[in-house]
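We call the chains A, B, C, D, E and F, going by the order they appear; numbering starts again at 1 in every chain.
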Amino acid sequence: MSQAIDLMVAGMGFVFVFLIILVFATLLMSKLVHRFGPPEPVAPARTPRARPSAPSSVDPDTAEAIKKAIAQYRSRHKK
Amino acid sequence: MTLWTGSGLFNMELGQVIMIAIGLLLLFLAIRKGFEPLLLVPIGFGGILANIPEAGLALTAAENAIHFALKSDTTQVLAALAAPLDVAYQAGQAITPELKEAFKVAVKEASYSDMAMANAIAQDFGYGNGMLYNFYSVVIGSTIGPLVIFMGVGAMTDFGPLLANPKTMLLGAAAQFGIFGTVLGAALLDWLGILDFTILEAAAVGIIGGADGPTSIYVSSVLAPHLLGAIAVSAYAYMAMVPMIQPPIMKALTSQKERAIKMSQLRPVSKKEKIVFPLVVLIAVVLFLPDAAPLLGMFCFGNLMRECGVVERLSDTAQNALINITTIFLGLSVGSKLMADKFLDAQTLGILGLGIVAFAVGTACGVLMAKLMNRFTKEAINPLIGSAGVSAVPMAARVSNKVGLEANPQNFLLMHAMGPNVAGVIGSAVAAGVMIKLLS
Amino acid sequence: MTLWTGSGLFNMELGQVIMIAIGLLLLFLAIRKGFEPLLLVPIGFGGILANIPEAGLALTAAENAIHFALKSDTTQVLAALAAPLDVAYQAGQAITPELKEAFKVAVKEASYSDMAMANAIAQDFGYGNGMLYNFYSVVIGSTIGPLVIFMGVGAMTDFGPLLANPKTMLLGAAAQFGIFGTVLGAALLDWLGILDFTILEAAAVGIIGGADGPTSIYVSSVLAPHLLGAIAVSAYAYMAMVPMIQPPIMKALTSQKERAIKMSQLRPVSKKEKIVFPLVVLIAVVLFLPDAAPLLGMFCFGNLMRECGVVERLSDTAQNALINITTIFLGLSVGSKLMADKFLDAQTLGILGLGIVAFAVGTACGVLMAKLMNRFTKEAINPLIGSAGVSAVPMAARVSNKVGLEANPQNFLLMHAMGPNVAGVIGSAVAAGVMIKLLS
Amino acid sequence: MSQAIDLMVAGMGFVFVFLIILVFATLLMSKLVHRFGPPEPVAPARTPRARPSAPSSVDPDTAEAIKKAIAQYRSRHKK
Amino acid sequence: MTLWTGSGLFNMELGQVIMIAIGLLLLFLAIRKGFEPLLLVPIGFGGILANIPEAGLALTAAENAIHFALKSDTTQVLAALAAPLDVAYQAGQAITPELKEAFKVAVKEASYSDMAMANAIAQDFGYGNGMLYNFYSVVIGSTIGPLVIFMGVGAMTDFGPLLANPKTMLLGAAAQFGIFGTVLGAALLDWLGILDFTILEAAAVGIIGGADGPTSIYVSSVLAPHLLGAIAVSAYAYMAMVPMIQPPIMKALTSQKERAIKMSQLRPVSKKEKIVFPLVVLIAVVLFLPDAAPLLGMFCFGNLMRECGVVERLSDTAQNALINITTIFLGLSVGSKLMADKFLDAQTLGILGLGIVAFAVGTACGVLMAKLMNRFTKEAINPLIGSAGVSAVPMAARVSNKVGLEANPQNFLLMHAMGPNVAGVIGSAVAAGVMIKLLS
Amino acid sequence: MSQAIDLMVAGMGFVFVFLIILVFATLLMSKLVHRFGPPEPVAPARTPRARPSAPSSVDPDTAEAIKKAIAQYRSRHKK
């Protein structure tokens, strides 16, 4: 029981310390990047863990366009 | 005759019937209810395979040899295996229930070298490791499986929302109270004499509160491999139930007004920040918690491959072929730990019970932390994004968004909740590192 | 000098020349004639690699050490290896042809532990396992390769036609007579003193009649690994020749009228039936034949991933990246068993001869069973679909269709033949399970 | 020899028994699914072991349509 | 307390700081400067991971056990490990700096069997192999990684330009003087007493001149594994710098007129020639240099899969999923050899210095050979294509083309340079085979 | 040192011998293929180590065509 309490105190303490340090490190990093980095076009935030836009895959818009194309093609070239 | 005495029907034990039913239930939940199907389909199927009577798919060569030798009175095999396992047995001695028990205990307690020797002897007699045992030792025993999954998850994670608002990382820290609260709960059950949990087992159970599959599997494979099946099933099942578990807690702890708080739009984040961030995390790990290095190292590596823009081939493979292959075998391997004699145990019930406590505590602490932060920060923070700190990416962030929309139809919290959500992944990996450091 | 005495030209033996020619022949058949190229290209190439003189790519570290030590009179290495292999030899003793023979026999008969020790000693002296040997032990020795292929095949298989007309499963059962008839044939050759086949070898040879690559490789790796090369080559070669082997038999056993029988269209099969079917097969395996669990378990798992609709990522990977990677290494590993001293043997000729008998018997029994069933069933069954019961998916079903069209240009049997065709896969996996159960 | 005969008898017997049981189990399963399952749109039988319609791949029709599109595109936009 | 004394900050050594900085530098070069990012991103990241204090990710179980036992005075563990490692130590004895040194030396010099035993004992005490060590032993220790990469490279290589003009193969031969010249250079440094290089080490260093990543990794893993990190980093870094290293040398050795030589267009090459060519190379390996069989065998296998046209599935996987997966783990594994105490050494400086010499010599010899050939052949040969003989595919061919265009804007040398370029791959694999044959 | 010289002599010698043999073997092979092989349409030399034209991927031309198609499609079907 006392082991578990010790583990909790040490664990939560460490998790907080670590992430607080990380907050400051991140803020510092962003500042440094903005100061020293040349300006660059900025990407808007995307949904995390989203499917990658794999180069080999066809995106929904394309798929839609293709579908239309096929439909037209088929209607024109009835076998 | 051999066919009949060797058939499943002839040898089926009640525990196996129950476990097969549980496997089918997991498949049902995964396929019909959409409960984390990518993992629960292989786990459920693996669970059924592991409980096929006489097939021994989840057993080592030595365990298979002992099983069949005990059944067919092959005392010579038993005598050969008795030596490295330190069981008192001479060829020709009668096979008593005590002897069976002695072998069972010996296998459980054998050291790495003794077990290796026993397996070699069993292989000399023509017995082999079961298929699932092989999968388990390659994928989980070596810890490679969860780490590769974590790399793939890193390659799928966008830290943009977190970088735009780094202080939401604290929400990901607070929600880890779910982990340590559960450790305390398990220790309490042990102290009250209700269930037995060593501190190692309690820590492994607690990791369910991290709401992160690969972290759970990694930690339990290190601290308490015999509980891995129950812990992984519990973790994935509750992750799938996040949309049911979290909303009542979130609503109970917040007022309508708090839930309706609108947050200001996130600033755009530059490519360069995204490239440097995984390296910042890595350096923090280097400096402060080397024991989190395998998990967070692979996670950051995956994320760096994603963001650096020059290794798209690799990033793509890490997110697709590689993570899929690993998921298939990881799932089957976890399933191999759903054997009746190891799973059907009061501890499993305790683990399932504590698991839901873990999620509830984590959710509550995340929300409360967000309320606390809201007092001290200039920009308003909607407390609903606190619950996303448990991780369960991206489900928990979607729950935050949904509950937020209920309170205020113009209130889109998804992006804001993504910050604490991915911070929760880092937070639970850190907690995992601490527990491994202090306990192993 | 070392370069010349170590060159292939200086050390080439006749057997190796022949085997390299056979490897080139397999490549020719695969590339020009389209004989199962996915397997025969890697097998043929692996066969050439395995027979490169002095390279020892298919040998263990111990075998390589013995080879070079015998050649260069390094008696110290020989003495060290003689101990675990139980060869009577002291350092400094002369190297006689008898000694060479003694080492050869000792390596063949060494137990698992002794071989492991000999390999460790060889590695201490700086020798290593050959590349192909490593591939073989990881992919086939562990049985993982054929099982992964089987999982992928499961993920590519549509049981719809079988579910629409389940009684065609009996055709898949009847065609397995090809397996057991061949076992009988091999035993007969042994009994007549023409060739030597133990019952294990006879069973391994028989599995060629299953007309299923991964099943053949799995069974022969369990029952008679030394015959694996000949069995796999024979199985794949005859599977490619199905369009030549089957039609004459089919026509001889059926009348023009029977061949022209039109079958009624198959009923549509619901998604749910397709999801539940692999689980039904799995439960049947659990209850009746645990020894078929690895093969059929992985097959059903692949099929469940395909049909359940919630793990498309995994199903896709199982059908593409994973099965392709495994095929490459499985083929090379099978090739490693095409070494001259193991392959150039009267047994191989016997295996090639019996293989075609196996296919012919299986085809005939399938057709006869279909004729028999046609008498008792309400709906007409065209006996031509019986030949598809040997499996060789989907070639055999196409042959049924083609012969059917010759008899009646309106007669499309493809879908009807697909039922027995996939039933043949299950049937031969069941037969494999029975043989492993009874013999090992 | 006698071993081989035993193996054949046991083997063929078991294969038949197993597949006959499977026939009945399948018929029963189909019946149960139809009775208890809600009606659903039915998929027609496909060719077994066919290439999966991988989400990332382009099917033959599409390919054909695309080819035409490219040909048109090229003929219009000669560089 | 444990958290602090076990933290990186508390245990960090200067060497580790430097190595982490080097890792970050490699990442910078790869990401910002585009230096062979597919390899240098994983290598750099692996290098950082390998130097995390106390994490022991690149160490064996035994090394980890020794490290922690020495640190915490666990004399019982030390005593148990002392036996197989042949260190004079009894439980309870004091831990002296000499003892630490003795263990370090013992680990370095332990035989394969002794190390295996020490690892088993360490695992009995609960220590495990580091993650990167596991990757290394699976991917590089087994030699499988570089061979699979080589297969993929084979599947990506078009021998068409070489087949159209086979005599350019001689340029690929001449450029291998870069390898052997560097061996000579290393031996010279040793002879002069400036640095110590055994002949094995010199040969491993020389292979950098082959300008081929997988060949370098393969050869150094066989001949001098302790130098693998420096050699691989050097090879990839200089390959990335080919556009800077080569042009001055090329211009210095050729006149403006020579550089402006136009070469006649290459004849078209038939599909059949392309299919047969890898088999021709394979047969040449069989006859003359069995020790090049693993490298060139896998290369030819990949190329045959590419050209034969009947196994596109496999060829595609070999060029994508499989090579990408292998690259990820190969890179991390190479990174595991960037540990401070092994990398920060005068030898590494020597290797970096000799590496650039290797490239320069190879380039020069290729150009000079082309000039020589130009005298004797009917059709003109532009000497600039000689530099492409070092391999570094396809960078070196592009450099030839670019320098050619500078001299004559109508002069397209890319296709002509591709011939010697791929011949350089074969040439360095042959050189690798010769060195392995003569030295191991 | 002498070892290194020996290695160089043997090594370079062997590399040249091997590749010279390969030159002649290749010339012979090409001749045999042309003599005995039936005539076939000839493929022009491609860039080595180029990305494979993976069946699942969309080539640049197609991509371009698709993009145009999407642009047209979108401009016509404004939501």
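Assume a contact is a pair of C-beta atoms (placed from the backbone, for glycine too) under 8 Å apart; a residue touches a chain by one contact, two chains touch by 3 or more.
Keep in mind the model is a prediction, meaning the values are calculated, not measured.
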Per Cα centroids, the chain farthest from chain B: F
Comparison of C-E and C-D (more C-beta pairs in contact): C-D
Same vs different contact residues, chain B with chain E, by half of numbers used: different
Whole-Å separation of chain centres (CA-atom averages), chain A against chain B: 23
Averaged-CA centre spacing for the pair chain C and chain A, given as whole angstrom: 45
Chain centre separation (chain A, chain E; CA means) in Å: 34
In chain D, residues with contacts to at least two other chains: 10, 14, 54-56, 58, 66, 69
Set of chain C residues in contact with two or more other chains: 3, 283, 288-289, 316, 320-321, 434, 438
In the complex, chain C residues that touch chain E: 2-3, 6-9, 12, 20, 24, 27, 30-31, 34, 37-38, 41-42, 45, 48-49, 52-55, 57, 120-121, 123-124, 126, 128, 131, 134-135, 320-321, 324-325, 327-328, 332
Chain B residues touching chain A - in the complex, by the definition given at the top: 153, 155-164, 166-167, 169-170, 172-174, 176-177, 179-181, 183-184, 186-188, 190-191, 199, 202-203, 266, 268-274, 276-277, 280-281, 283-284, 288-289, 306, 312, 315-316, 319-320, 393-394, 414-415, 418, 421-423, 426-427, 430-431, 434-435, 438-439
Contact set on chain E toward chain C in their complex: 111-113, 116, 142-144, 147, 151, 275, 279, 282-283, 285-291, 293-294, 297-298, 300-301, 304-305, 308-311, 313-314, 316-318, 321-322, 434, 437-438, 440
Residue ranges of chain D in contact with chain C within the complex: 1, 3-5, 7-8, 10-12, 14-23, 25-27, 29-30, 33-34, 37, 40, 42-52, 54-55
